[in-house]
Structures are given as structure tokens and as C-alpha cells.
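Since the structure comes first, as C-alpha cells, the remarks are kept for the end.
Note that the chains are named A, B, C, D and E in the order they appear, and that numbering of residues resets to 1 at the start of each chain.
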Amino acid sequence: MFHVAVIAVLVALVLAVFRALAGPGVFDRMLAANSIGSLAILLLAGLGFLNGRPEWLDIGITYGLLNAVSTLAVLKFFRHGDLAFDAEDEA
Amino acid sequence: MKQDVILRVGVKTVFPFILMFALYVHFHGDYGPGGGFQAGVIIAAGIILYALVFGSAAAKRVAPVAVVERLVPAGVLIYVFGGIPGLFAGKRFLDYTVYAQDPLHGHEWGVFIVEGGVIVTVAATMIAIFYAFGDRARG
Amino acid sequence: MSRFLELLGHYNYFVTIFLMMAGLYVVIARGNMIKKLVGMSLFQTSVYLLYISPGKILGGTAPIVDARFAVYSNPLPHVLILTAIVVGVATLALGLALVVRINEAYGSVEEDEIFARDGKTRDGKTRDGETRDGES
Amino acid sequence: MELAINAVLLTLLVAISLGIIRQRSLFGVVLLAGAYSFLIASILIVLDAVDVAMTEAAVGAGISTVVLLATLHLTGSMEYPKPRPAVLPLFVCAVTGVALIWGTWDLPGFGVAVAPIHQATVPEYLRVAEAHLIAPNVVTAVLADYRGYDTMGETTVVFTAGIGVMLLLRGRRKVGADAGLDAKPGAKT
Amino acid sequence: MALLIDALSWLCIVTGSGFVVVGAIGMVRMPDLFTRMQAASLIDTVGAGLLLFGFMLQAGFGLVTVKLVVLLALFFFIGPMVSHALAQAALHEGVKPILAEDRRGRLDRKAKAGGK
């Protein structure tokens, strides 16, 4: 049954990579990159159960955190340009 | 992004758990994937996330520049000093069996100290790099 | 069938070499320095694959010892690459810092423009502040 | 199954790397590099390198994206529109690639346990670990214990790189030199 | 009882897989950024939720389940945060959603052009 999950996630990964390569705008690429991160977490969980060693979900948590960090960094770059931008500076 | 309520609340909630999780990765490194290098990078990522949402001035209150810059060499020194007791005991540099009677426990203590050095250096270096790039932008 | 499986196994090496060449191509064919650095990290990841792929044993599991398993993949390449990754990002940051300084000194990160500008200054008309900046 | 997953992920990796080569906006390159590092982390999971996968995801997707974006802010994010002639580099890469692929024919097959890499030193590590003389995670144990000198060197390299970045980027910008250069036509990309 | 739990986790995993694939197809097929985002959020919420819940049922009580819960909480926390930021940045940047009026207008124009 874990095969089903892993295959589904792989199919979704192929489609997400297609969107990342084809995506007309920057935001489409960003969305696809974020989805690739989420799918990598699901793939990791599925593979862990498939191989009988599910105790490595820590790696998945790391992926999730770093996915959020990189996406927020990109978005902040888009809004302010400067990654270390402060609202206090503006005032 | 400081005005953004959703991001602010979300990051404020997640931030302590990131640091806790980094410590878990560090101390659980003997029994699962993890260790000093990974934990250091995760701590740095947590601080960077904080700096992204609250601005770098707020992040510098959490991790002051002076402290971070002193921690960069401090980690290497912890590593090196972790190896020196072996020399005094007449054994080789980085020989951990001197730390306890039982060689296994000695190895565990040695790995613990050395990994402590690694996490300090890696985390501090990554944060210092981020600060350096961020400060350059404002001249 | 076995021939196909053998090729599928060698696919790892093919992809590794493809990525290596892709990185090399970006480094030598593109003039933008940031893109060159990204190409260098492509090359670097191909080296990770080159080390990790031979360490895998089919049917084995990750080298975290547990009573339930008997066959483990090779941990030694993992150790070498683990440290290489962290060092890799530190050196990438160093390279990017150099690029930032080059951009401040020359006003460009394109190799062609920098060479053109250097050619101009080398014809006797040296600008003091700039050369001193470049040397320090 | 392992081989099939591996093959699919490697193909996606090739696709993303082609995308990185073709992409002219540096911003897009950074985004694709993030996706690339998630994919390579997944491949490392399939190849049983869990510690490496964790590090690669953390470093590649998190830190290097942030550092690259910070650099883009300082330098400007469009690649120079005029492409260079690509025939010679392509030729060099193709020749080198073919030579390297020719070299792989003699390598042992993928995933066989009798390959030479698995014969020396590693069985000893695994035996010691199974006898509970070192930590169960062999990677951490070898990293900090057997190869302690190596890791000390790596830590020193990280430290040196950090110091180098600080030396290059801290301190005041030379405003005069900067302004003089920027006034020249064509200085900004 | 074991059979029941097995069947339930089967159901969850298969449905979750279905949602993941549907979300990914939507991400490729939808016409503009915002609809694509909505399709992609299917992966982050229903797909990931059902898959991880199915895995939880398989894992039983233990550290693995705790980690899965943490992972699920992370998905539910960070997914909406990131989508919110993404949509806001896109709107801020001037990306316009394709509205029903645009579509109807185009259809009307087409109909008129066909009629005349």
C-alpha cells in the first residue's frame, strides 16, 4: 500500500517539476518549488515506511522548516529586495 | 513583512520549536540522522527566519553580532581543546578514551564535546554570513 | 532484461557525468559570475552523487545499526560528503562575497565588461583609488 | 522498486539542471536551485544516505538560497542578455563527458555488495557498531571519532570561510571610488 | 480490530494519494496563478493530511506517531502561512487573477464574431 503513496507522490513530483520549468511567471516557479518541497517530505515518509525504517521523519521536519525559510526569503526579496529589511528602518 | 499579522504570529509560534528541534537533532545524532553540522544549520535557519519576518535589528537582539562573531572561533577552540586531554594522558590527540573509565563512555563524551564545537562553529558562521550580507546592503 | 537492469544501474553514473558536464558548461560558457557560482554548485552536487552512488547496496538500509537489519550501505562516503556539503556552502558564501566586492569595484558582475574595463585601465591611465582597492 | 524511484528522480534532476542552464533570469535560477536541492536530497534518501540528505536539504534549500538572494540584492538580478558563443564549450563538455562515460564501463555495477568499496575498513566499522562499542549511527561515530582529524579540518575551513566573508563584507564601503565608477556610462547592468 | 485499522489506513492512503495527484494535475492544468495555487494547496492540506494520517494508523503508538503529528502540525502551520505570503506578494506585484467576467466577455466577443 505504501507503493501506491510513493508512486502517486512521484507522479505529482513530475508534474510539479514540469510546472517549475514551464511556469510563465516567477510566482509559478515559486509555487512549484514550494510544492516540490512538500512532495519531497511526503516521498520521504512513504519511503521510510516502505523500507521499514520510519523513524527518520526528523528529516521531513527539517525539510518543512527549510522549505518555509526559503519561500519566505524569496517572497521578502520580492517585496523589499533587501533580506535584512526592517520595518523600523522605514519609520 | 513586519506588519503582516499571519506571518508574525506564525513565525513567533514556530521559532522556539525550531531551536528545540535543532537541539533534538544534535543530541539525538548518535541514534538517528543528525549531528552537529545539521543542527548548526537548523539553528542558523531559525535565526534567519526570525530576521526575515521581524527584521535584522530584532534578530540582532536575539543573537547579538558580538556574541555570534566570538562564537565562530570559539567552536573551533572547543573542538581542539576536546582533543588535548588525550595528549596529557600520554595518548594521541583526539583520543577520547581518557574521558571515562569505560572506553565506550569515553568515546561518547568525546563525540559529545567535539560535536558541540562543530554546532557552535557552523551555526555562528552561517548567522555571521547572513548578517554580513545583510549589513552590506545598507552600507 | 539483465542488460536493461545493468544499464539502469549505470544510469546513476550517466546522470552524475551529465550534471558534472552541465556544471562545467555553465562555468566556462556563461559570463555572469553568480551563474558561474551556481554552475559550480551543480558540479559539486554531481560529486556528491559520484561518491554516494557506489556506496549503496541494493536491499541494504541506511547505516544506523539496528538489530532488525543485517545489510547496511557504506557509511564512509556519507561521512566525507556530509562535511563537504557544509564546507561547500561556506565557500559558496565566500565566492559570493568576492562577487559583491567585484561588483562594487567594477560596477558589473559580467566577465566581459570587467575585462573590457581592465583593458582600458591597463593602457597607462591607471585610476589610483580603484587599483588600490583591487589590491587590498 | 528502488531502482525505478532512483531513475525517475535522476531524470527530474537532469530536467531541472537543463532548466538552470537555459534560465536567463538569475532569480529564476535561484528558485530552480532550491527545487534542485530538494530533489537531490530525495535521491540521497533513496541511496540510504540519510544524514547527507538532511544536511543537503538544510544547506542547499535554506542557507544557499538566502545567501544567493542577498547577493542578488547587492548586484542586480538580470543576466547579461548577450549570449556568448557556445560551440567551443559545448564541444569541450561533450568530449569530456564521453570520455568519462567510457570510463564508467569498468566500474562495478550499481548496488552490488561485492564491489571493492565495501571490502576495506567499512566492515570493521559496522562490526564495532553492532557490538555496541560506538554509537549506532555509524556516520556520526566515524565523523567525530575515527575521522576526528578530518572533521577538525572541515570545521576550520568553515571558520576560515566565515572569517573571509566577514573581512570582505564588513567595514566601510569606499564611497568615492564607488561613485566615480558608477558615473561612467554602462557601468550598471 | 487490526483488520479495521488496516482497512482505514488503506482508505486514507489511497484517497490521500488521489488528492496529491489531483492537486498536481491541477497545478499543471489550471489557467492562472491563483487557481494553480488553490490546486497546489490541495497537496499541502488534504493530500498530506490523509497520507500522514494513514501512516499514523500504520505506525501505531510511539515516537514515530509523535513525529508524524509534528510533521502534520508543521504542514498545517506553514502551508497557509506560505500561501498567504505568496498570494499577497503576487497581488502586490500586480498579478491579476482571471475573473469570470473576462471569460464571459471573451465568450461574448466570440459569439458576436461568430454571429456576424
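Following the convention adopted for this analysis, a contact is a pair of C-beta atoms (placed from the backbone, for glycine too) under 8 Å apart; a residue touches a chain by one contact, two chains touch by 3 or more.
Quick caveat: nothing in here was measured; it's all calculated off a predicted structure.
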Intersection of contact partners for chain C and chain D: A, B
Between A-D and A-C, the pair joined by more C-beta contacts: A-D
Separation of chain A from chain B, taking each centre as the mean of its C-alpha atoms, in whole Å: 24
CA centroid of chain B to CA centroid of chain E, Å: 35
Inter-centroid spacing, chain D versus chain B (mean Cα positions, whole Å): 21
Per-residue overlap in chain E, given as positions that touch at least 2 other chains: 74, 78, 81, 85
Multi-chain contact residues (two or more partners), chain D: 30, 50-51, 53-55, 58-59, 62-63, 66-67, 70-74, 136-137, 139, 143, 151, 158, 161-162, 165, 168-169, 173
Contacts with 2+ other chains: residues of chain C: 61-62, 64, 66, 82-83, 85-86, 89-90, 93, 96-97, 100
Chain pairs that touch, as defined at the top of this document: A-B, A-C, A-D, A-E, B-C, B-D, B-E, C-D
Residue numbers on chain A that touch chain B, as the complex places them: 55-56, 58-59, 61-62, 65-66, 68-69, 72-73, 75-76, 79-80, 82-89
For the chain D and chain B complex, residues of the former touching the latter: 50-51, 53-55, 58-59, 62-63, 66-67, 70-71, 73-74, 132-137, 139-141, 143-145, 148-149, 151-152, 155-156, 158-159, 161-163, 165-166, 168-170, 172-173
Of chain A, residues touching chain C in the complex: 51-53, 56
Contacting residues of chain D [partner chain A, same complex]: 1, 5, 8-9, 12, 15-16, 19, 25, 27-28, 30-32, 34-35, 38-39, 41-42, 45-46, 50, 53-54, 57-58, 61-62, 65-66, 69-70, 72-73
Chain B - residues contacting chain E, complex: 1, 4, 6-7, 10-11, 13-14
